[in-house]
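Some notes on the structure that comes next.
A, B, C, D, E and F are the chain letters, set down in written order, and residue numbers restart from 1 in every chain.
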């Protein structure tokens, strides 16, 4: 049962794609191959709603590539899940966003949890997925307010800042698990688990596991309404 | 106090832009000029999430045009409000989506109301704005399930279908007003008001009035977080 | 297109009516005349639920006056929107409360916002309108806890207190806009905008703009249920 | 431990007060005296928001009478609970609305329930209390759409209509109990219980029991904020 | 009208049953006899979900005892209401949990309130009942984080801790009443009322009053669905 | 990486355990061994809240067995997720209920979905998990109202009934996927997918995939509050 899952990085920074794929590999089952997808057009990181528009364009581009090369399922590796719903319309196989996957995973191991994200301005991206998933009553959102560019080469120098904010969430919000609010924070999973003593959820790994599970169940996106395949009228960007 | 409001049609069908602008003109104050914005790239109508991605690209293109030509505020004329949040980041003046405007307007004249949209698959676009605005407890969503293309030349032949669905909403959902779920239904406003005897809200007109009102109050988009201007890293599509 | 909008002040303090009307005038379109309505019976300010009962009586009195003199639409100038629903039953034209108008306006320019009200005890009035409008998930409520009487002659001496509370909301609640929680705070709009750098929404101005917009769209209150005209059985108070 | 509870009928129809007090008597503990309160000013029945304003004025009038004559607690006998919050500010003892009492009572004996009210237009009064109490997720609202005047002399001739609507709620809404949506329906309690085989909740009786219970616990309205006694500035109506 | 209400203590500590029954006695009407029910199997206190499972087993055991001895109604004296829904299926008469009773009681005397519970880990039990009752929008949950065992001999030594946390709730959450989050805190009712000046709700007393009221109204659990009597297939534990 | 997941059937019917384990096997990764757990005490099926109490006792018994034999994670195979929270306190590894797993899975492939359950009386079990997970806004609950015993030997004879109810959900609730509301319906997955053309989610398979995924991510239950290991005070049933 060999499968291929494409991890689509909605920004154009290939080193970030590689790092994200590497970090998520352990969450895949042995027979599953992870490939990265990096858009040729878009922005270097996704921090604003404008970035999200271009991130979604990039997601669609990579899903089209994936469909032609026989990809079985997709993970969208951007906190906020930009382009996930559109990708579901194009892909034969299941598509899972890192945010929804992280929230559902946290909900299986903790009564309440917190998202720690980077720029304050991206808080709305978390709030939007919380409204979609209905988990607002169990999750708070916090930000350390540094730009995403700050972690382009790795996030270890932000370990103290993220840990401090997560500790506040544990003390003040009664959070019992931490959701990392950016794909670029994956290298903090180990250090934060040790430091905080609570589950630390990394959404790309969570999403890879969920796509793997959907494929194992033979379940893919419903075509009965919202995610029916669109008439092909896509422009070439 | 002369102002210019651009009504951005997220699809590439110029005749639709012209019709929408014409229909909304009466809602503008005497000193306000309405101009239409039609993207050069995108899809002919917006029915799917894939279409919404390209619709948002088109919205950004037209807002950039508008910013260069001194537009004071923007209406996004697509049910579902694609691109509205991104447009807020780019525009100096206020940006209002036709869906949020229609819902807030309906809430001022009716305790409960209904949206009648076209294809069943677009129901999620209404649900999403209902979650964002918090008005789910006062609004139901119904569809007559015809493609948007069906009304490309006008919607009068769908009068009976929309009226029938709205009547069901009045009888079964206790709806007291009707929100038209597509910019292309504007020519039904008059006939439906007469037929149904309840307020019929057309979102583009509602949004024009709200942008006019924001400009009159001297209120524009907050820059304090979510809608701060992004670093300019936009690609050329 | 000349219209008359009556701004009904639910308390009996005529100087407050005059101040409120003056402050809201810029939000009206050129062809619109604003007139004030001050009840002959009621309380000097509205701070309690008992006050609200008498405020509603005063609102009805003034709407009856307005209906006889051809008023086209009404703004109810009391935070908490006392009497708005009853007024809708009596008036031919649209009726908008300053609170609902302020909340909808804030929702068009900010992802999250805060109300700063005066006495702590009036917090429930804000909460009630938040429940009605469904915007609780995007709005917090704060109080500086001074009596309304304190600002009878103007509110400038409370600038520091309101600004301090609003700053807390920006920092702690991630608020991106401020809604003034009392019609008597209108003279703080300018100073607060300058001080805080975020949109400051004054509900009477917001409501005037919304009534103007409803009139422009030819939309008035639905008669299909909740707001049908009552059988005339009103007592003379 | 002898106590007096006043059942305030917000309309001016004394026969209705008498009927309501008689019906609720069995719910009172042996040591409790029920007295009726009928306003001298107001409307003959409460069906509209305008009626509610005058109903609230009548409630306040009777609470003042009650406070002077040593009443220990109050029941407001109008579906929609008009004036309850204002009455809490005036009364030393507890004040309970028939609607909130009915809903809490139903929630103790059924997972889901329905309100059957009279005129369709009063549905919003039920919805409002459902929002206040938070029980919307367990309760539907239905109407038989006859005017309240229709049951001025008793409601037995509406037994079939109410039973039919309640049966629909049991079948379609999975309702497991019925809440009577008008104080004037009290004489249907027995016949409906027999006919439907589910609990039938009459709000005035429910509220009498709750006021009795609050008095037994020594609990009265909080003075810490919302319901603090207002400064006495009430006009004479 | 003589009635017997059994107060079921879901833990096996008989001294706690006696204390709880004694404290609640004043809330019962003169004709009502309170008897305690202490399970023969279970845990010494209920702090975890595992404890709750055994607490529910004990509740069922005692309800079976009660049914055989003619008990008219039941109060389940454990914060979190473990076993309440199952008990409703077994008992002829009404069954009320101390948590739901406390929340509904608080909602009758305060716009917002707070629960102060003991171990942090039991917070989820409060949250669960808040979701069931729908009162999350009016109630916060706080913990002083001591084990239940700490108050086995009385809770007076925790007066300062509970009062401090309640004071924070009044100041920061705008709470206007306090709900005691454990049956073992009943001896704090008097001292806390004096100290805090707000209503202090003790759930067992609240539930006794509500069962008394249901019996007076002739209302018991619906058999129409959720709480229909189960086929008797219970094992002997 | 060889793992063992125990699928705990909360009722005492071993043939049902075997069938459930067999059906879920394909959802497990190649290295994962599924073992069944059948309680020695309890009820033959779980349809009532009383059954759920005994089901939870059985779950705890089997989790203790599993902990002693090195089980890595648990699936609780009862719609309603009885005992899941308690099991989390006892188990070192993750514990997932079939209901929460099914709902999260459905949410990844459909905008809206429906649960079709068996006896009407179990509807509340679905509603409870919907409240916990927050997915009420995307899911309806329907019942075919036959006892669980009816499908003891397989569910194929109920194919028409389930399909009919699911078709109603697709037409009336705009459902886009079906969640099977009982572990005993697993043999309908294939036929229903073919008949309905929408995703059909079987919760045990979904939960096996999620436990597998949690183990792959190295994530287990948080010990920071709600699910901390209890002091061992369990009685022997």
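Rule of thumb we're sticking to: a residue touches a chain if its C-beta (ideal position, glycine included) is under 8 Å from a C-beta of that chain, and two chains touch if they have at least 3 such contacts.
Just so we're on the same page, UniProt names per chain: A, B, C, D, E, F = Aspartate/glutamate racemase family protein.
Model, not experiment: these values are computed from the prediction.
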Partner chains that chain B and chain D have in common: C, F
Most distant chain from chain B, judged by the mean position of its C-alpha atoms: E
Chain pair, B-F or A-F, that carries the greater number of C-beta contacts: A-F
Distance from the mean Cα position of chain D to that of chain C, given in whole angstrom: 30
Inter-centroid spacing, chain F versus chain D (mean Cα positions, whole Å): 43
Averaged-CA centre spacing for the pair chain F and chain C, given as whole angstrom: 51
Shared-contact residues (touching 2 or more other chains) in chain F: 88, 111, 120, 123-124, 131, 136-137, 174, 225-227
Set of all touching chain pairs, with the criterion as stated earlier: A-B, A-C, A-E, A-F, B-C, B-D, B-F, C-D, C-E, D-E, D-F, E-F
Complex contacts: residues of chain D adjacent to chain B: 120, 123-124, 127, 131, 136
Of chain F, residues touching chain B in the complex: 111, 137, 174
Contacting residues of chain F [partner chain A, same complex]: 1, 26-31, 88, 94, 96, 100-101, 104-105, 107-112, 133-138, 170, 174-177, 197-199, 201-202, 205-206, 209-210, 212-214, 216-227
Partner chain A, residues of chain B touching it in the complex: 41-44, 47-54, 56-57, 60, 83, 85-86, 88-90, 120-121, 123-124, 128, 131-132, 225-228, 230-231, 233-235, 237
